[in-house]
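In what follows, subunit A forms one complex with subunit B and a second complex with subunit C.
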Partner chain A sequence: MSEQPSTGPVLEIDDLHVYYGAIHALKGVSLKVNQGEIVTLIGANGAGKSTTLRAINGINRTRQGTIRFQGQDITGSPPHSIVKSGIAQSPEGRRLFPLMSVTENLEMGAFQRTDRENFSEDMDRVFELFPRLQERRMQKAGTLSGGEQQMCSIGRALMARPKLLLLDEPSMGLAPIFVERIFETVVEVNKQGTPVLLVEQNALMALEVAKRGYVMETGTIALEGPAGDLKTNEQVRKTYLGEG
Partner chain B sequence: MATAVAALHRVRASSLIDAIGLLLLGSVLLWLVVKFFEDPTRFINVGIIGVTNGAIFGLVALGYTLVYGILQLINFAHGDVFALSGLVASTIILDVLGLGEDTSVIFVVLGLLATLAITMPLFALVNASIERIAYKPLRHAPRLAALITAVGMSFIVQNVSLALYGVDYESVPSFIPRTDAIHVGGIVIQWNKLSVFFIVIPVLLVMTWFVRSTRQGKGMRAVAQDTEASAMMGINVDRTISVTFLLAGSLAAVAGLVYLLQFEVRYDTGFELGLIAFTAAVLGGIGNLTGAVLGAMVIGCVQAFNEGLDGTPGGDWTRSIVFGILIATLVFRPEGILGERTPEGA
Partner chain C sequence: MSTIARSGFVSRVRTDRSWWLAGGLIALALIYPIIVETLQALPFIGDFVPRTSSMVVMLVFTMMAIGLNVVVGYAGLLDLGYVAFYAAGAYMAGWLASLQFADVTFHFGSTVSNDKPGIHVSMWLILALAGVFTMIVGILIGLPTLRLRGDYLAIVTLGFGEIVPQFVRNADQEGIGFDLTHGTFGIAPIDSLGVGAFIFREQRNKDDLYYWTAIALLLFTVFCCIRLRDSRLGRAWIAIREDETAAAAMGVPLMRTKTWSYAIGAFFGGVAGAFYSSFKAGAFPADFYFNISIFLLCMVILGGMGSIWGVLAGGMILGYLNIEGLATIGSKVQDAGLHFDPTKYQFGIYGFIIVVMMLFRPTGLIPERRHKIELVEGVHDTPFYDVQTEGTLTDRDMSDD
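Moving on to the complex of A and B:
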């Protein structure tokens, strides 16, 4: 695996097409995430944001187009080898293992790693980011509150020591205080060097923390640009920021 | 408003069903208490037979519940894999190792361990191959397709047994004496019954350790709880499913040997025993490992009490009673004794 220069693209998606049965869900999506960036993918429900993430980690089969990660073509690779190459995801709806403890859930995030001796160190790091999880570490994940589950889900993804972090709707269903906390952590994690691709319905918050953004509409990228520009874009304001 | 009324109806209906279920359960328990005081010694002796048989059923039930937990598939072929493993074990014991009643204890133990050393990996592979050939291509097909294929695989394995061994029962001489190992008052445990636990308990301990503590075992639990999230965590789902079938197959091989030592086996033994074990798995809460063993113990005792106590319908009715329990479980407590009420609670 060749090391990329610190400013080059980590992830490059080119003309991606995905079908669900006969439904053409992604109609030629292209985007990229550069080293060190937070990039956000915003858009209405059903625009194809989650489908894009699921294509990146190999859950959804792509019919056309390429996905390159750190310069390597990972299109069509099975999910477990994509995770191994360094892409971790906190999926929509958290998707914790409800009958496993918080600690076991975090361990599952590190499933592909062979350096077990570093697990406890990484777990401490997750607990440092989310002290709440440490208090609950023996508790079954299914019994956590929504905010705690989201923390656990992000923590679980971080346990993979990802070179790219995919976050799918981390603010969904959370109280404003938790949303704030989650976004602070995302910025914190990014500062420590992990590029983030953030899918959000909460477009205002997402554009606040992101460097660049893409706006999706019915399976295509409708708009793209620096987050600051998108925030002031009239169309974006009308549709996603609840103004006008 | 309409939904509130509907919810109220549901609550009322379910509490009525619960009440009937509890009434049924209560009367059975009351009957057992009466029977116990009529003749405690006999009751306990019959109970011991029930627990022993339950231990064997439990090994088979685990195979159903492991596979169901991970694929939501009832692997009907499992009982037939169990029976074939018992038949193969009889060949190894009699024709290959030549064990007989006059063989010394140490060679019997070594011989039985050697048999397991062959049949466990062999039937682990057979079971995993069944998955690979018959179920894997249907992973994304409607669930009914896989279910019908499982019924088909059951017939195929059964007919392989029939072709190889014919219609006669296979049995081995009673190496393990039916003399008393424990004798307290009138309560007797014979060596051949006790030996079942010498095999089953270590196997259950190793399996529990595997599922709870190893990386692969944790992966299995993760896939059972959320297959897609497991894939997102980097767990190789296909491999985990194969490992599950390997584990289920080796448990079936242990059950096959233990059953052969107690009873006799022929090509269709797995059909009925498989259904009993499946009932046990459902009773305990399908997908729940402890539940499978617990359910098997209950079914074993129900069978023993029905056949060994006075004033019961008797052995001819055992099947009907076991399947009556299956139906009652599905009506009164579909999630089983230890199952979770959520659909993804496996």
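Moving on to the complex of A and C:
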């Protein structure tokens, strides 16, 4: 794999179409994540945010359009080879393996990696980000609180040493104290050099941490721009920030 | 902490006690043929002690149950057609160690004298070949079916479990124009196990010899399944069982991983089938009915899905009831003057056992470690954080996990 210049786009999606049976869920979505950025994808329920993420990691089949990751076309690749190429995801609803311990869940995140000897280093790094996980490391993931599960889910994705991190609704159903904690960590992870594509319903928080943002509406990108601009955009304020 | 992290995919807590128990059981199993007569002479319980030949059958079925456990217990794929693998192994032995193909005379390491017609390959080699052949059958059945999930998969495997016995019943001169399986008569006699001129079946203690071989095969199966469970592949199976979509998102190749579980589960079914056909000296289509698949599944459920020791216990208990136990109980009941024959109601009785298990012990006799922790230690329902007052902890003790 050729090294990309650090300023070029890590992820480039062009005119993506996804169908669920006869339902046209994504109608030509195009977006870009550059090196070192946090990019957020906001929008109402059912706008197609999660569908976009699942198309990126190959769980949803793409009907039309291309997905390029680090310059390579990964459209239509199976999920395991996409994970191997460096895209890790914390899926919607966290989806931990409930009967596995926290440690085992983290190990699953590194499933596609071959450098087993670096596991403990990465696990230490995850435990540094989320000290609570270290306390709970032998506990079954299904018995964790919602916030702890979200930490575990993000930690699990980080165990893949991703070159791009996809986060699907990390704040969903969490107490405010946890939401803040999670967003702080996202910023921290990004500072350490991992670009992040963040799908959120909590638009205010998401635009706070992101550099750029895309607003989705019924399967298309309705608006895009720097996060600061979107935050002051009247339409966004009305629809997603609960003002006016 | 780093020691835990470093242990990678084989992090596991073991107690010395359980290994002493396992060692003791193995020793007891090995001397069983020697002490069986003494045990049978005991008052009251003596009548309930199974004969060595019954033990062989119990061991064979337990081995198949442990193979099925790889598919059902580890990977969570409900397979209702496991009997197909049993049949494949048995017929492999029939083809390679009998008079079935009398036109060909081919001998390879067999204990049978060289002038006998038919293919006669060393029975030991056949055990391995049957395993590999059945593995291939498993992959062929798996490729089209494993794209299905849950109930759909169960129904398709049910279909294959019916197709295979129907096929062996009809694959003779009349059915397919070539006598492949000898139809409803089955293939017999199938060669005995043996070393050189020492042929097990001709020995006075042939049951004991087959018994020890069965113990060796079962130990091999248990060993492989424990190693597999603790491997990367085993962890991938459990991930698929717990959440298929999440497993895919973590980079587990679904089709490949599921197909491996089928292939490996099938392997043990094939070895057990070949061994059993040598013990019985034949492979008969009447042995491969659908109820065998269900019977094996009952063993897995009774013992505890995913738990090797559980399936071992479940297999031996149901195997015992099936081959000897119910009949013994029946004769005791009739001696007492009651007109009740439990063997007539055997599947009703197994069904009743399963219903009772589901009500009172749904994770089985010896639950898998993961389930056990969940049930014994309980799921915490007190949160660590007080959700009413931001930033404060509850009084839940953090050290109690």
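By our rule, the second predicted complex is superposed on the first by the 244 of 244 C-alpha atoms of A that agree within 3 Å, B and C clash if a C-alpha of one lies under 4 Å from a C-alpha of the other, contacts with A are read in each partner's own complex, and residues count from 1 in each chain.
Rule of thumb we're sticking to: contacts are C-beta pairs under 8 Å (C-beta built on N, C-alpha and C of every residue); 3 or more make two chains touch, one makes a residue touch a chain.
Computed from a predicted structure; not experimentally measured.
Chemist: Specify the outcome, clash or fit, for subunit B and subunit C once both structures are aligned onto subunit A.
Modeler: Aligned on subunit A, subunit B and subunit C clash with each other.
Chemist: For A:Asn202, select first, second, both or neither according to whether it touches subunit B, subunit C, the two together, or no partner.
Modeler: So A:Asn202 meets neither subunit B nor subunit C here.
Chemist: Between subunit B (first) and subunit C (second), which does A:Thr239 come into contact with in this model arrangement: first, second, both, or neither?
Modeler: A:Thr239: touches no partner chain.
Chemist: In the overlay, answer first, second, both or neither for which of subunit B and subunit C A:Thr194 touches.
Modeler: A:Thr194: touches no partner chain.
Chemist: Going by the contact rule set out at the top, does A:Thr40 touch subunit B (first), subunit C (second), both, or neither?
Modeler: The answer is neither, since A:Thr40 touches no partner chain.
Chemist: With the two complexes superposed on chain A, say which partner A:Thr185 touches: subunit B (first), subunit C (second), both, or neither.
Modeler: Neither partner.
Chemist: Contact-wise, after the overlay, does A:Met138 reach subunit B, subunit C, both or neither (first, second, both, neither)?
Modeler: second
Chemist: Contacts for A:Ser120 in the overlay, against subunit B (first) and subunit C (second): which applies, first, second, both or neither?
Modeler: The answer is second: A:Ser120 touches subunit C but not subunit B.
Chemist: Considering only the touch criterion stated at the top, classify A:Pro98 as touching first (subunit B), second (subunit C), both, or neither.
Modeler: Both subunit B and subunit C are touched by A:Pro98.
Chemist: In this superposed model, does subunit C or subunit B come into contact with more residues of subunit A?
Modeler: Partner with more touched residues of subunit A: C.
Chemist: I'd like to know which partner A:Ile59 touches here: subunit B for first, subunit C for second, both or neither.
Modeler: A:Ile59 sits against subunit B and subunit C alike.
Chemist: Quick check on my understanding: which residues of subunit A belong to both its subunit B contact set and its subunit C contact set?
Modeler: 57, 59, 78-80, 83-84, 89, 91, 95-100, 104, 107-109, 111-112, 156, 160
Chemist: Can you check the complex and tell me which residues of subunit A touch subunit C?
Modeler: It comes out as residues 57, 59, 78-80, 83-84, 89, 91, 95-100, 103-104, 107-109, 111-112, 116, 119-120, 123-124, 127, 134-140, 142-143, 145, 147-148, 156, 160, 175-177.
Chemist: Given the complex with subunit A, which residues does subunit C contribute to the contact?
Modeler: It comes out as residues 1-2, 4-6, 8-9, 11, 232, 235-236, 238-239, 242-243, 245-253, 370-371, 373-374, 379-380, 383-385, 387, 390-391, 398, 401.
Chemist: How about subunit A: which of its residues touch subunit B in the complex?
Modeler: For this pair, the touching residues of subunit A are 57-59, 78-80, 83-84, 88-89, 91, 95-100, 104, 107-109, 111-112, 156, 160.
Chemist: What does subunit B use to touch subunit A in their complex?
Modeler: By the definition above, subunit B touches subunit A via 215, 218-219, 221-222, 225-226, 228-237, 340, 342, 344-345.
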